[in-house]
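Working notes, beginning with the structure itself.
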Amino acid sequence: MAMIEIKSISKWFGQFQALKECTTQVDKGEVVVVCGPSGSGKSTLIKCVNALEPIQQGEIIVDGIRVNDPKTDLPKLRSLVGMVFQHFELFPHMTVLDNVSLGQVKVLGRKPDEAAENSKKLLHRVGLSHHAHKHPGQLSGGQQQRVAIARALAMNPICMLFDEPTSALDPEMINEVLDVMVELAQEGMTMMVVTHEMGFAKKVAHRVIFMDAGAIVEDDKKEEFFGSPRSERAQQFLSKILHH
Amino acid sequence: MAMIEIKSISKWFGQFQALKECTTQVDKGEVVVVCGPSGSGKSTLIKCVNALEPIQQGEIIVDGIRVNDPKTDLPKLRSLVGMVFQHFELFPHMTVLDNVSLGQVKVLGRKPDEAAENSKKLLHRVGLSHHAHKHPGQLSGGQQQRVAIARALAMNPICMLFDEPTSALDPEMINEVLDVMVELAQEGMTMMVVTHEMGFAKKVAHRVIFMDAGAIVEDDKKEEFFGSPRSERAQQFLSKILHH
Amino acid sequence: MLSGFDFSVITASLPFIREGLLFSVKLTVIAMTGGIIFGTLLAMARLANLGPLSLAATWYVNLMRSIPLLMVILWFFLVIPLITGTPIGAENSAIVTFTAFEAAYYSEIMRAGIQSIPKGQVWAGYAIGMNYWQTMGNVVLPQAFRNMLPILLTQTIILFQDTSLVYAIGAKDLLKAAEIAGKNYNRPVEMYVFAAIIYFVICFGLSYIVKRLQQRIAIIR
Amino acid sequence: PAAAQELTGTMKKIKDSGAITMGIREASYPLSYLDDKQQPIGYHIDVCNKIVDAIKAQLKLPALKVQHQPVTSQNRIPLVTNGTVDIECGSTTNNEARQRQVAFGLTTFVTNVRMTVKKASGIKSLSELGGKPVATTTGTTSVQLMRAHEKGKGIDFKEVYGKDHADSFLLLETDRAVAFVMDDNLLAGLISTSKAPNDYAIVGEVLNVEPIAIMLRKEDTQFKKAVDDTIRGLMKSGELEKLYAKWFMSPIPPKNVNMNFPMSDLLKQLIKSPADAPAEAYNKKS
Amino acid sequence: MNYHWNWGIFFEQIKGGDETYLDWLITGFGWTVSVSLSAWVIALLLGFLVGTIRTAPSPWLVRLGTAYVELFRNVPLLVQMFLWFFVVPELLPRDLALWVKQDMPAKEFITATVCLGLFTSARIAEQVRAGIGSLPRGQSMAGLAMGFTLAQTYRYVILPMAFRIVIPPLTSEFMNIFKNSSVAFAIGVLELTFQARQMQEDSEQGIETYLAVTVLYFACAFIANRVMAFIEKRTQVPGYITSAK
């Protein structure tokens, strides 16, 4: 059953075409990794999924809801889709606990106590119980990214989008974030992950999408992708990225 | 013959001790890689070598000159030591060519034509002949870092310092920078490199220094370091960093 | 001449000056509060793609910033009675004028503040399902306000100094009070020196607070 | 009989709103200025208060509210014309240009434009000012008057400007100017409150004779009649002369000094036969 | 409002002279522009100097710069103008004071220009300091690491970028200086506001006068804005995002 359906979408920034007729889908419980060179449109693609960027052609359907329909209640849709950003994007003026609680109170309408209770559980789950009352600026990058994951999970999303969640991290901290993501994947969360961490992809991805210059060049089962990517561009990319 | 001698130096930022009695040396033609967790003092250590940060105890001798002697002509010393930064630090308001030429004209007193001639050679060497008249903002990260290396080489340095030269780069671009560095090393340049690219270390380093909490914890031949690091902290670090 | 300083005029006119100072402070506080609120709305109108509304906001801000405050004060004073039908008095007119005028300056500051927030913060707000107003209110504006607090306060110091221009419509602020006292006693030099000291103390005090605030904020980030 | 008549203009406005707004000056010494408690006082304020009393009686409005609106020489005319101020009790010269915009009550004071100098300078006439700095106040027309006067013809004055009279006097006091040209009553006031009143003298030719009057809106006959009737009454009963003596010939706040400024012959004559002619009527020859 | 409009007033001859009111306004406009531009030069030079000093490594220089800024920005311009004109000369030796008060050529103009220039320079210094502070710390490190002296680092690396960064606030300041120059009337500079007061007193056509003056000030601010926009465009660094528009 398809959770996210992307049907032949195109997107322009002014004159520049950032996405070219991209089509793919993510099934319930499936983990899809998106990779490709810088500027190839990976971030743009996943931002289109929860309508953070509008598209000009094609359509996207999330859990049966047409995203690019003017009648769609976008805030509601977005609350169903969790998202984690490269630079964490925690709200620096709030404590960690408030970061996780904010959406629950303002969007889901939970009582502040109830929300805080739930937030503490989530923070415990990502191993940060002791940091609830700090501000994001007082945490390391890895810790911040785990808070960001907890914040997304707090909305009880039906699927999660990740945009290079580890690429702004110190090498030592990458694993503490990947571990949380692996756990999520193993619990059956539907995930679409932009990342260059091929270790993660090999471990939990079901499918790998390779993008270049705005187009989806490869869309394969993990085994096929790492076995023998069809396109030369993907081969080249893999060789560079796996080399060091 | 020791090119850089670091003798028991300590450094404080206010109350906080960033370096604790660090001692090591880099011989002529030697390539030394410095690694360690974030905040362990790696950047601070190499900034002390060309006196970008003052030290409070101990002494540093570069090519026979005492760095922390008030009588030392620091600009002259610094022109002998090339330095490459994590965020490139090109001068955004000048063309690439002017970036490389500026120091030659203003510090070495070369004629502008002569300097430009030399700069073009260096740009050719790092594979950027075609970008000489662009501004840094118009180049990719990997290209900018290669310009930064050319800029440092333009001063005919007797040794080079690198502070995480690839950690702000997209994965695909890391190699284009590492390749230039490998070439430099193979030509016999004395280099002190802060990096987490263990592939690079394995390939060209003679020695690896591991720092933790401001102290030099390991200072070994490359083979010994990768074979069996003595300290538990280094083992742990290596396992995290090599795992993915 | 300095040896001939007669500071008894100052003691004699203290009640006078106190009243002027109170009005300056009142005007500053009201115009600051109103100006920041109105200015923030203007900034949001300029940044949102609202066609004519954005254009109108842009025009308003640029016009206000291009005319000397003195002229704006005069115009408002002469024109408001024509619109409302009844004169509203110098002090009320000053309050309306300063709020409207300072809003243009505060709006530029808030616009810079809003733009200083990384776009990702807005995305993050939207991504957890908040709408435009919720994202603005909970995420963008609190940060923009914090980032800009020092500049907002600096503008407020300028505003406080500018209250001296209300002399043009006969409202009595600190400087005007000092001037009147100086005239009645024919001792303008003493009164100007005295006014300079009061202004310096107050404005310096404010900028000291600005600095302390800046340090406090620096800890949170 | 007045009650039977239908009210128009300002009288109607006062009746309807139960309030009258008086324009006041802050430092037009001693015609209209503020005392230590920020209360308007002065010769013209007293005259206006009499007018207000008369209006109270006429309109049967014992609770008539009197509001004070400070005005400056820049904004007094627009404020009267736009209705903010009903009656301006300041020190406004009645001249032809102004009569195009506003009306004036009967002349209640006459000033002569002259100059004050430091006695030590020995200057006695306009003709001695060649090449010397002469102070006047921004926005006043003294310079034109000097140029226009026969003694001033062909003389090269170096004008320096103060933004108000106190500043201009300071120019003289600090030797930036050798003379200060202004209305003689203002000069007398400034001298009497200065640090060394005996150092200054008012000297030289009368450059202009200026009737000073209370200012009203134009074409408002009912109100002008009420104002003029009151003033005429004050003149007839000798009360105006008493007010004059109170403000010009005895110690007055805030410093309690006496200006000693006797009534001019022209004003004496105007009290006998009241008039509201503009300045031009008294300065025909120039 | 029963106001007597007279738009022809600008072309009327002034009593006792052969000028028209328009001539007055034009003279005034000339002085306004002269005071503003001269003060702008002073403000830019001193502003950049003091702003730079405030980022220097020496704490004493920094304190000096801070004192300068605090002194000149915490007292209203009108009051400063007065102090410069009436109080400062009294602090000079007697003979010099007398010269300054009587014989110094264009004394009102010079006083007004210096005062306005210093006042504005304090604000520019603040902006320059903020501009320098907003550059990545690595930039000055990169300059020093190449062997530049501190002065060279400022000259070739820091100030060129800081200048570009502070162009938007400088634009406001440039617009402001024309508006602020109106305070010069207080010490008798025959600039626009002065002439306006003179004209309205003489002609009694206040509304026409102020409207004309408002338009002239607006024109100054507008031209100042365009000039700075032109400079901003000319100095734009390709591929580098400074301010939009």
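First chain written, first letter: the chains are A, B, C, D and E, and each begins at residue 1.
Heads up, the rule we're going with is that contacts are C-beta pairs under 8 Å (C-beta built on N, C-alpha and C of every residue); 3 or more make two chains touch, one makes a residue touch a chain.
Just so you know, these numbers come straight off a predicted model, no measurement behind them.
Note on connectivity: the fewest steps through touching chains from chain A to chain E is 2.
For chain C, the chain whose average C-alpha position is most distant is B. Closest to the protein's overall CA centre, chain by chain, comes C.
The greatest centre-to-centre gap from chain A, using C-alpha centroids, is found for D. Centroids built from CA atoms put chain C at 44 Å from chain A. Chain B and chain D have CA centres that are 82 Å apart.
Between chain B and chain E, the centres computed from C-alpha atoms are 46 Å apart. Averaged Cα coordinates give chain C a centre that lies 36 Å from the centre of chain D.
Annotation for chain C: residues touching 2 or more other chains are 1, 74, 78, 82, 188-189. Annotation for chain E: residues 1, 82, 86, 90, 207 touch two or more other chains. Listed for chain D are residues 74-75, 78, 82-83, 167, 170, 174, each touching two or more other chains. Chain pairs that touch, as defined above: A-B, A-C, B-E, C-D, C-E, D-E.
Note for the complex: chain D touches chain C at residues 21, 26-27, 29, 33-38, 67, 69-72, 74-75, 78-79, 82-84, 164-167, 169-170, 173-174, 190, 193-195, 254-255. Of all the residues in chain C, the ones that touch chain E in their complex are 1-2, 63, 65-71, 74-75, 78, 82, 108, 154, 157, 161-162, 164, 175, 188-189, 192-193, 195-196, 199-200, 203-204, 207. Interface residues of chain C facing chain D in the complex, by the touch rule stated above, are 1, 4, 6, 12-13, 15-16, 19, 74, 77-78, 81-82, 87, 89-90, 167-172, 176, 179-180, 182-186, 188-189.
Against chain E, in their complex, chain B makes its touches with residues 47, 50, 52, 74-83, 85-87, 89-93, 102-103, 106-107, 134-139, 151-152, 155.
Of all residues in chain E, those touching chain C in their complex are 1, 70-71, 73-80, 82-83, 86-87, 90-91, 126, 172, 175, 179-180, 182, 193, 207, 210, 213-214, 217-218, 221-222, 225.
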